[in-house]
Amino acid sequence: MSEIKTAAVLCTGCGIGEALDLKELARIAQKEGKIGVLREDPQACSAASVAALHAEIQEQGLTHLLIAGCSRRAKTEAFNFPGLALARCNWREGVLWSVPEGENAPELRQEMAADYLRMGCAELKKLKLPQANPKAAGNRRILVLGGGASGLTAALAAADMGHEAVIVEIAPQLGGWAAQWWRRTPWRAPYAVPQPTGIDELVRRAADHPLLRCHLGATVLETRGAPGRFSVDIATADQGQITEEVGAIIQATGFTPYPIERLPELGGGMSPWVIDQAGLESLARASDGAPIRRGDGRPVRTVVFIQCAGQRDATGRHLAYCSGHCCATSVKQAMYFKAAQSDVDTVVLYTDLRLPGMGEDFYRSAQTQGVTFVKGEAKAVTPQGEGLRVAFRDLILDTDSAVEADLVVLATGQVPRSGTDIDLPEEERAVAAANSVLKLAYRQGPDLPQLKYGFTDSHFICFPYETRRTGIYSAGPVRRPMDLAQAMEDATGAALKAIQAVESAAQGRALHPRSGDLSYPMVRLEGCTQCKRCTVECPFGAIDEDENRYPVFNESRCRRCGTCMGACPVRVISFENYSVDTVGSQIKSIDMPDEFSEKPRVLVLACENDAYPALDTAAMQGRRYSAFVRVIPVRCLGSVNTIWITDALNGGWDGVMLLGCKKGEDYQCHFVRGSEMAAYRLSKIEDTLKQMGLEPERVATYEVAITDVERLPRLIDEYVAKMFEIGMSPMKGFA
Amino acid sequence: MAEKNYAFYPGCSSQKGASAANYLTSVNAVCNKLALRLTAIPDWNCCGASISYAGGSELSRQVLNARNLALAEKHLPGQDVVATCAACWLAARETREQLVASEPLRADANEALEVAGLEYQGKAKVRHMVEVLIEDLGLETLAKPVVKALEGLKIAGYVGCQTNRPFGIAGESFENPQYLDRLIEAAGATALSDYDQKVTCCGGALAFTEPEKSQAQIKMIVESAYDQGADMIVTPCPLCQANVEVYQSQINEKQGTKLNMPVVYYSELLATAYGASAKEAGLDGHLIAPDKLIDAAEKR
Amino acid sequence: MNAIATNQTLLVIGGGISGMSAALEAAECGAEVVLVERNASLGGRTAQIYRYFPKLCHPLCGLEINLRRLRANPRVRVLTLAEVTEVSGRRGNYRVQVKLAPRYVNERCTACGECAKVVTRTIPNPYNQGLDTIKAAYLPHALAHPQRYVLDASLLGSPEAEAARAACPVGAIDLQMGVETIELSVGSIIWATGWKPYDAVKIQPYGYGRYLDVVTSVEFERLADPRGPTRGRILRPSNGEPATNIAFIQCAGSRDENHLRHCSRVCCMVSLKQTQYLREAAPEGAQATVYYIDIRAIDRFENFYQQVRADARVKFLKSKVARIVHNAQSGQLVLHGVDTEGYHRYAREHDLVVLAVGMEPETNGLDLPEDLIRDASGFIEGSSDGGQFGAGGAAAPLDVNRAVQSATAAALRALQVTRAAARAEELKG
Amino acid sequence: MSEADHSSAYRREFLAEVEREVEGGTWVKMCMQCGVCAGSCPFGPHWEHSPQKIFMMIRAGQREAVLRSESMWLCTSCYNCVVRCPRQLPVTHIMHGLASYAQKLGLAPKLQATRDFSLQFWENCTRTGRVNEMRLTLGLYFREGLVAGFKQAWAMRTVAWGLLRAGRLNPAELVGGHRCADANGIKAMLAKAREIEARRKAQHGH
C-alpha cells in the first residue's frame, strides 16, 4: 500500500462552530494529529462541500479522510467515498448534545471534542483500505442435503436461478414424507378440502432439470472448506464414493415422527389399531378414495384423533414443543373419512386447536362436514372388543368420558434430523458423531449448532436464516417444526441465502450482518503461541487448526465480528480497518489530566449496533451524560482485547465501561456469542487489576439494549460518580 | 308535506282494550301530524310472537307471518308493511328474510298459503314505525311539527331487545343504539346518554312464567333510570312498556321498594310535543301516570 | 427518476420489516431494487413494537442492522412518502405510477432540530398511535431513515411554517414542495404492504371508544415502551393511575365471522408477551388475566406459554368475553362471560382491558390491480401473471420470523422473474 | 354418564337427529365452544346448561339430558347470543327448536310454566287468528287448577285493576273478543303447513 495522504474536514455546522473553539481544535489536528490537508466547513454534508471533497480527493490523491462533525451513523449517504479510508469524529451527538449544561460546560465540551479529534486522527492513521479476501473462491454450485419437499424446492429454486444444484438423498428415491401422503393440507384459497400433494410434479421437474443432479441412497462422508469452495465427499449407491465441489450448502434433512411406542398409555405399540398420522396416510393411500379400512380389512366406522400426543409435554418424558401442523393434519385426515363415507364418526380430541391464519376456514370446513371436535385430555387407550376404548376428560362438560373406536390416530410431533449436538460434552459427542449428517471437518464439530430440542434454528427473530456456519443454511422441519407449505416457503428463502453466499464469497465480501464488508481477519502466524483461543471462541467455526495446532483461517466463513481478535493474547489477529491498533492508538491518544485535576477519564467501549446508537438517540433526545467519558464503538464486545483495558488503566484512565448485548439463551448479540466471550474473558481481568493494585470497580461490563436511552446516561453518570468515590487512578502519573 | 302510504300491521296488543291500546292512539296522533297514512292490512293475524315455539312448528309460524305479508301484497300493493309492535316486526321481518333467502322455503310457505287463497311473492318489505320515522322522514322533519318542546324533561331511552337485535334500526350498534335518544331530543326532551340498561332484556316473554327472574331484570332497568335522575322511561316496544310499567307495584310489594317510574312510548312523547291532548297522546293509558308529560299536554 | 429503474429492477412496496428484508436480500444477491414506503421513514409497524416474543428483545436492534445493510448497499433506492397509484404491463415489464407526497424538508436536512424549536403547533404523534402529541415539525422516531425531519402539512400557510423555514440553518425547508408523480418500469413487484389492526370500535360489546380504559394490543405496546407516551409505565388512560389488574382479551376481531374470519396467529403470543411487560412497567403485585378460546403458541413458542402459565401474576380463562360494562362507582370495567371449562359464570373487574386485535391487510379498502390474487380476508397471494408476489403481513397474518422468511422467499421468486427478463433481453440484443 | 352410554357417546346419531328435527339444528356442529352465548344470556345465571354446553352435549350424544333440560325454556328471545356468536349460529332459534322438539317427544319437563304458556299462546292466537289476552292470562293462572288460579289472580288484582282502569284489559274478551274473519282459512293453512313439514322430514329421513 502506497504512503498515506490524510485530510480532515472540521464541520462547524449544527452549532459546532458556536460551541467549540475551532482554532484550537485545528491546531490539535495539525500539531498532534499530523493531518496533511485540513479545512473547516460550515456544512460538510452539503452537496457543494461533498462535491468539493470529491474533487480534492482526486487532485491531491487523498487516501485517508477524517470528518469531524456528526455521528458516524448520520449523513452516511453524503459521506460515501469509495476507495478512501474514512474515520468519523462524533462532535455533534457525542459532545454538543450530550455534555450537561453548566458554567463549566464550554470547557468540558472543548476538552471532550479535542480528545475525540485526537482519537479520530489516531484511528485514521492506523486504518487500511480493505482489499477483500484474497482467497475468495467462486464456486456457484449449491448442494442440497435431503430430497424431500424442502430439498426439492430449494434445489429447483436455485437451479431456476441458473445455479447448478446437487441433491444428496439418503433414501433410494426422492419425495420424502410428502411422497407417502394421500393428500396435503390446503395452502391457498379456498381452504376447504385436502389437496393433491404435487410432490410427483416436483420430483419430475427435478429429474428433468438440466442444472440439477441427484444422488440417491447417498450419504455425506465429509464436508470441507468454506463458502465458494466446499468439497463434499459422498458415498453413493451407484458410483461409490465421489466428491462434489460446491459453493454453498442447504441442509433439508427433515424429520422423523416421534415414535408412538413411547406412548403405551395411549395404546402406542400396544394395539395395531393405534397408529400415527403417517400410518393413516398409508391407509388412506391404500384405500385410494374408497372407505378407509384397517390393516385387518375391517372398515373404520369410528376414528379418534388424539392431538398433542407426546407433545407439549411438561414431564420431560416427551417433546416439550408443539409441532404446529398436527391440528390441520388431523382435520385433513378426518376429512379423508368423511369424503369417502359421510356417516363415519370422526372425533378430534384436542386441548388447544391450533389452525392459524386461514386454517380457520379449514376448521369450519371440517365442522361443516360433520367432524366432531372435543376439547378434552386423553387419559388412556385400551383394547375393547374388536376395537379400542378411548378414555378422556371432556373439559367442556367437565366429566370423565369415553368413546369406542375402530381406529385411533396419535398426532405425534416432528423430531428434527439435525445430526449431532456439537455442544454435548466431548465424550458423548464421540458416540453421537455417528449420527452426524454434515460430517463437517470443522474444529468446532461436525454439524450445525442447535438452538433447542435439536432444531438448527438460529433463533434470530429478524434474521431467521442466519446459521452459525456461514454458507450452510437449513430449511424445513430440521430448522423448526412446520407443515409442507411452510417448508417449501422456507426452502425457497434458503435457496436465496445460498445464492447470496456464493455471490458474496466470490467477491470476498462478508455476509450478514456485516454484509459487504471487505475486511477480513489477518494473522501473523510467526507471533502465534497456538493457544487455540481464537479457534475455540469463534462463534461461526471459521477457524480450524493445522497439524501443528496453528490456526487456519477460512476467511469466507468469517462474519467479521472480531471475536478472534479480542481473544488473541498475543494480538497477532487484526482487520485492515479494525485492529488492536486502530482502537489501542485512540486510547493512548487522549490528553490525560493529572490526578489533582479532579477530571476522571472513563473509557467506554460500546457495541456499535446497540449501545452506540442508544447513546446517539439519548443525545438526540437531549438526555445528557457525564463529559468525563470517551466512547469508542466496537464491532462486538467479543472483539475487545484485554490489552485495550490494561493499556487504558496503565495510561491513567480511571475506569473502563464495556457496553454489550444480552447473552445467554435469549441472547441479543447479533454475533451470537460475542458478548458471552467478552464476559468470560473479563471474569478473568480482576487478577490483572489486583496485580496493578487497582480496585475491581475500575472495569465494569453492562448489558445494554438499543432502547436503553434513559437507562444508559444514568449508568454512565453513576459509574463516573463511583470513580469520584474511589478516587482518581494512581496510575496517572506514570502515563 | 307529501303523504306517505304504508300497509299497517297493528298487532294484537294494539287492539281496543288490549295491553298496548294507548300505543296505537299515540301513533295515530303522530302520523296525522306527519302525513303518514297507515292502512291496516285487511284481516291481519297474530304474528305468533317468539314465545309460540313450543306449540307452533317452524313452518306454521312462518306461514302465519307470510299470510300478513301476502295480504299486504294483495290489498296494498307496493306499500311497505309497518309494524308498531317490536315482536310483530321481528317475527314478520325474520319470516320475510327467510322466505326471500330460500326458494324452496317460499314454495312450501306458498303451498300452505294457497289453502287460504294467498301467495307471497317476497315483495312487501317489513319496517318498524321508528324506522319509518327516522329513515323515511328524518329527525329534522320529526322536529318540525313540535309546538311544545318538552324542555327539561329527563328521559331514559330504553331500547330493549327486539327493535335492536338481530336487525337493528338504520344499521345501528347493538350495544349502544342512538335512535331512541335522537327521537327523545326531537321532542325537545333531554336524553340520558349514560343510561346503562338501554339494551337490557326485560324478560318480557317470560314475565308470566318466570316472574322473579324477569322482575329482577325490570328492577335493574328502572333503578338505573332513577340513578340517572330520569323523569320517565321511553320505549319502542309494547311488551317492554307493559312489563316495565306493570310489575313495578309487584316488585314494591315483594321487596319493599318504592318504584314508581312512568314508562311511555316514543310516540306519546312526539304526540305531546306536537300539541296533542293527554287523551290523544294516549297518556291516560298508564298504571303509573307520566304526570310531567300530562302537565305538558294540558298546558295551553 | 425513470432512468434508475429497468425491467430488471425489482420493486418492493412497503418499507416495514418484510419490505426491507425482501429489498436487502435481493440487493445482496446483486439485484437493483426500488423500495417504496408510504410513511416518512422506514421500519413499519415493528418499529412501534416495544419487544419481540419470545426473546423479549427489541425490534430496533434488528432495524439498526437492516439500516446498516441499507446504507452499505447502493443497489437499493428508497422512496419515502411514496405510494404506488397504478400498475400496468405484465411480468417482466411493469410500468408503475408512484405518487410522492411533499415532506417540505429536502435532503439538506441534518436533523439538527432547529425547526422543531420554533414550532409550537403539535399533532397527534403517529409513532405513539396518537396517544400523545408531537411538534408539527418532527423526526418520525429515533432510528428514522431517512434521518430527516418532516413538516406536517397542517403548518402550511401559518407563520410558524415561515419561522421554521427561517430557523433552518441549512435551508432544508422548502414550503413550495408539492405532490409529484413518477413512473418506474420494473420487472417484478413484491407487495410487502403489511397489515393493520382491526378497527376495535366495530367490536361493540367491548366498548372500545366508549370506555377509555379499553385499549388495543397495538396501543399497549406504546404504553409499555419507555419511548412511549407514558415513558414505559402502564397507566390507565381514564385517570393516569398505574394499572394493576389487566385483562387481555384474545380473538378481538379474529376468528369471528362478524369481523375477521381468519385467525391472526400472533395475538396469543402478543398477549403472552405483554403479560410479561408487567414485570417492569407495572407496580408490584399487578395481575393479568388472559381470556382465550385456544392458545396458539405454536412450535417452540410453547415454552414461552408454559413459562407464562407458571407466572403467578397471570391467570388464564377459556372464555370469549361476552361484554364489558363500566362500573360507574368503582370506575372499573366489569367483564361478563363464562369459563367454558365446566361452565362457570363470572363478572370480573379489571382496571385496564387490552384487546388483542386481529391483523387485516393494510391494503383492504384500497383498490389494487385486478390481477392480484387475494384470499377471503384480502391477503395477497400474487398476480395471475406470476410477476407479482405478496410478502410478509400482506400475504398472511404472520409473526416477524415467518414474515422475514416469506419476504426472503418472495425475493427469490421476484429475482427469478427479473433474471428471466434479463435472459430474454440478451436473446433479443 | 353411565358406562352403558359409551357405545353412543360422541357418535353422530343424536346430532343427526337434531339436524333433521330441530329448527336451526344443522348449525349445532359449527359451534367452536367460545362461550360467548352463555355469557350473553340475561337469564344465564338461572340455567343448568348454557347453549354452548348444550351443543357440546348434543355432540356427546347426551340425548336424554338435552331434551329433558329446563334450560332451553329459559330463553327470553333477546338475541344477544345471536348477534355476538362468532360463528353466526342462530342460537335463539336452536333453543326454541330444541324446546319445541322436546315438547313434541313428550320429554319436556312436566309443569314447565313456559312450555304451558307457549302452548296456550299458540292455541290462543291460532284459534281466532288474534291473541285474546284476557283468556291467555287466566288460562295460565288456572293451569294448575282452580285454587292456584284464584290465588294467582288475587295476587295480580292490583295490576289487573290498573290495566282495566287504563283501558288496557277488557273483561268482555272472556266472551267473544277480537278475531280474524278468515279464522278457518288460517286453521286450514296451518294444518297444511304441518303436513308439508311431515312430508319434508320423511324425505330428509332417507
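Chains here go by letter, A, B, C and D, matching the order in which they are written, and residues are numbered from 1 within each.
What we mean here is this: a residue touches a chain if its C-beta (ideal position, glycine included) is under 8 Å from a C-beta of that chain, and two chains touch if they have at least 3 such contacts.
These numbers were taken from a predicted model, which means no experiment stands behind them.
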Of all chains shown, smallest offset between own Cα centre and global Cα centre goes to C
Outermost chain relative to subunit D, judged by CA means, is A
Cα centroid separation, subunit A vs subunit C, in Å, comes to 23
Rounded to the nearest Å, the gap between Cα centres of subunit C and subunit D is 50
Per the C-alpha means, the centres of subunit A and subunit D lie apart by a whole-Å value of 63
Within subunit A, the set of residues that touch 2 or more other chains is 375, 396-397
By the touch definition above, subunit B meets two or more other chains at residues 174
Where subunit C touches two or more other chains at once, the residues are 205, 255, 318, 323, 340, 343
One finds touching chains in the pairs A-C, A-D, B-C, B-D, C-D
So, in the complex, the side of subunit B touching subunit C is made of residues 173-176, 194, 196
Interface with subunit B, subunit D side, in the complex: residues 23, 42-43, 46, 74, 76-80, 82-83, 92, 96-97, 99-100, 103, 108, 113-123, 125-126, 129-131, 133, 137, 140, 156, 158-159, 162-163, 165-170, 172-173, 178, 180-182, 185-186, 188-194, 196-197, 200
Given the complex, residues on subunit D that touch subunit C span 32-40, 44-45, 49-50, 52-53, 80, 83-84, 86-88
In the complex, subunit B touches subunit D at residues 12-13, 15-22, 43-46, 48-60, 62-64, 67, 108-109, 111-117, 161-162, 165-166, 174, 200-201, 203-206, 208-210, 213-214, 217, 242, 246-247, 249-250, 284-287
Within their complex, subunit A touches subunit D through residues 302, 343, 345, 347, 363-364, 367-368, 370, 372-375, 389, 394, 396-397, 399, 401-404
